[in-house]
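Heads up, there are several structures right after this.
Okay, so chain A shows up in both of these, paired with chain B first and chain C after.
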Partner chain A sequence: MIGLHAIASYVPEGSISNYDRREQFGLTDEFIAAKLGVSKVSRMGAQEDTAALCVEAFRRLQRKRPVPAGEVDCLVVCTQNPDGHGIPHTSAVVHGEIGASERCAAFDVSLGCSGYVYGLSIALAFMQANGLRQGLLFTADPYSKIVDPDDKNTALLFGDAATVTLLRPDGPWLAREFLFGTRGKEGAALNNRAGRLEMNGRAVFNFSATAVPGQVAQLLERAGVAAGDVDLFLFHQGSRYIVDTLARRLALPAAKVPCNLAEQGNTVSSSIPLLFERYIDDPAVRRVLMSGFGVGLSWASCLLER
Partner chain B sequence: MNATEKTVAEIIEDVCSQVRVSEGDGDTPLKDLGVDSLDVAGIFLALQEKLGVRVPDDEIDALNTVRLIAAYLDARR
Partner chain C sequence: MIGLHAIASYVPEGSISNYDRREQFGLTDEFIAAKLGVSKVSRMGAQEDTAALCVEAFRRLQRKRPVPAGEVDCLVVCTQNPDGHGIPHTSAVVHGEIGASERCAAFDVSLGCSGYVYGLSIALAFMQANGLRQGLLFTADPYSKIVDPDDKNTALLFGDAATVTLLRPDGPWLAREFLFGTRGKEGAALNNRAGRLEMNGRAVFNFSATAVPGQVAQLLERAGVAAGDVDLFLFHQGSRYIVDTLARRLALPAAKVPCNLAEQGNTVSSSIPLLFERYIDDPAVRRVLMSGFGVGLSWASCLLER
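Moving on to the complex of A and B:
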């Protein structure tokens, strides 16, 4: 079985402080801290693009778990903001930059906040089906490319980041169950209109607060696992308010629902791996439930165990 | 407060753990009670789930007191 072996991430040093925008958007410190949960949103540099973020995440993985690029046989990038206009695909750009071999499969997955959970299922199944042994699942969706800095609904939330997850046969974390959902009729609630991100916050909130708890409960039931036997619930870090709402609606103790938005904001498909990176080597954490939700509208949950 | 107003007040307190709505707060603007824009989304979702009335986006801003919300809901149930 292929499992998750390690995660590395890159959050660019550039950022915009939400505390510097209190006057522009009529914010209080309490609202920033307790509701948004985002002190600042990370911003990639002028010379960086999506693939460059992935390459830097890969460099950081090398420091944790050296991976000869020539031995990588599967490279997946989850993004909806690719380099240039998407041709060539960003995974091919990353492939070239890190010097992977010509026998390495490389493809992009177009999904937003549900992308990491989908990406795990796709990459693990693809590797299993084709006898591949060393895979890299990247997430990088720098929304700074499409966020209007004067749009209160989005400018205070979305930050840039990239992550890479190393998948291989000795990876201790195994995926046990997946569930997926799509509500395409309501997809306009979060869309890119001519290069500008638009979000109907209320519609996205209502969707998240109702669809996710149902899927989480269904996943636990299918797996025959009680919520109390899950060490951590790693929800997509949309905002502090939605994470708290999901914990309340699922009656989960706050200690089991970590939140790490403060230093970079909502990083779309990178938010769950960015959070899991903190715990993946923690021996006290043996079972986690992940749930990503957003653009689509799409949601996906999975149970990982070691 | 009438029965619907009490229900609205209970939901506000349930959704916003830091907010308390007293008997005399029927006409107090929600903002003055400590309800912010994100709380409003949570309150109207909870009301929809409990009372079965969905308030359209363009009507929410005008419903900014417990009494106004209750009257709106009573008129549509």
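Moving on to the complex of A and C:
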């Protein structure tokens, strides 16, 4: 079985403070801290793009767990903001940049906030079926490319980041159960029709606050695991308010529901691996439930164990 | 095991004749027929988009093999020209349009001419791993969105189309072996940096004419199958010249290497399923080798048997 072996990430140093925008958007400190939960949103540099974020995440992985690029045989990038209008795919660009071999399979998956959970299932199943043994699953969706800086609904929320997860036969974390959901008819709630992200925050919140608890409960039931036997619930970091709402609706203790929005914002498909990076080597953490939700509308949950 | 059960396709009726453009581009009939092999390129209507092509392909599938949309539990779209700048993903839009259920997993894969072979492996492995039983794999990459009508390298070649492949436990065609290759460093040979497709035809041809025969030979060797025991070789329909070159280099009889470029052109990830649609129910055809190659640069081959 292929498992998760390591995670590395790159959050660009550049950022925009939400406290500096109190006046522009008429914000209270209470709103920034308790509802949004985002002090500042990370921003990639003018010279950076989606592939560059992935390459920097890979460099950081090399410092943690050296992986000879020539041995990578599967390279997946999850993004909805590829470079160069998507041709070639960003995974091919990253493949070239890191110097992977010709034998390496490479493709992009287009999903938003549910992308890491989906990406894990897609990459693990694909590797398993094809006998591949060194996989890299990247997430990189720099929404700064499409966020209107004057749109209060999105400009205060979305930050840029990339992560990479190393998938290998000796990876101690195994995925046990996945569940997926799609509500395509409501997809307009998060769209980019005119080259700019538009979000109906209320619709996305209502969807998340109802669909996610249901799926989490169903996943636990299918796996025959009680919520009390899960060490951590890693929810997509949509906002402080949605994370708190999910914890409350599922009656989870706050200590089991970490939140890391404050320093970079909602990083779309990178939010869950950014959280899991903190715990993946923690021997006290042995069972984790992840749930991502957003663009599509789409949601996905999984249970990982080591 | 999940297998391929049926294929349906949609080639829009609109088209542009290459014979009408002889003067504009200084073409000979010999060049159009023997090198390009494309009499006309199909063009979707002004009201159509990528999702609409998929929905029409699904309608045509319904006439062949009725599939209740509510029973579809996996919906994958392979495209590099999604609608609405990719947010939401086209698979979610199609999910909403056909009225699939909330339990249906949906995601896009971003790949070009290697996309159908990859898409088969990705969708089959994902369905198998997650116990899904009614899958739809769509291909739809209407290059008319990005082709410069005055660019001889691309305007005469690329046509619009969509296909859908029904994947089910009772599908008689099983995928036996896959091989994948990526040459990211040469990805600039097919790019869309500035919103327009640019192709270095010579570089793409040279890559295809060398990489594909090697991968096909390796696939046959791994599967322990002689070329003579394969009923059909379904190559991506890049151009008449590349298909003929591959047949010659692999010493394959012309009857085993069908070509259907003439009436619609190179339809990117739809070219192989458009070809396979002709043979999938033919009882005389029992073993098929497919190979797609292009954008990335990326190439992928597989062996299907029933």
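Please note the rule applied: the second predicted complex is superposed on the first by the 306 of 306 C-alpha atoms of A that agree within 3 Å, B and C clash if a C-alpha of one lies under 4 Å from a C-alpha of the other, contacts with A are read in each partner's own complex, and residues count from 1 in each chain.
Heads up, the rule we're going with is that a residue touches a chain if its C-beta (ideal position, glycine included) is under 8 Å from a C-beta of that chain, and two chains touch if they have at least 3 such contacts.
Keep in mind the model is a prediction, meaning the values are calculated, not measured.
Once the two complexes are laid over each other on the shared chain, residue contacts for A:31 go to chain B alone; chain C is not touched.
By the touch criterion defined above, A:94 lies against chain C but remains apart from chain B after alignment on the C-alpha atoms of chain A. Using the contact criterion defined above for the overlaid structures, shared-chain residue A:112 touches chain C, although it does not reach chain B. Of the two partners chain B and chain C, more residues of chain A are touched by C.
Contacts of A:192 after superposition on the shared chain: chain C is touched, whereas chain B is not.
For chain C in complex with chain A, the touching residues are 75, 80-82, 84-97, 100, 102-112, 118, 121-122, 124-126, 128-130, 146, 178, 180-188, 190-193, 195, 197, 211, 295-298, 300.
The residues of chain B lying in touch with chain A in their complex are 36, 38-39, 41-42, 44-45, 57, 60. Across the interface of their complex, chain B is touched by residues 31, 35, 200-203, 205-206, 209-210, 239, 241, 245 of chain A.
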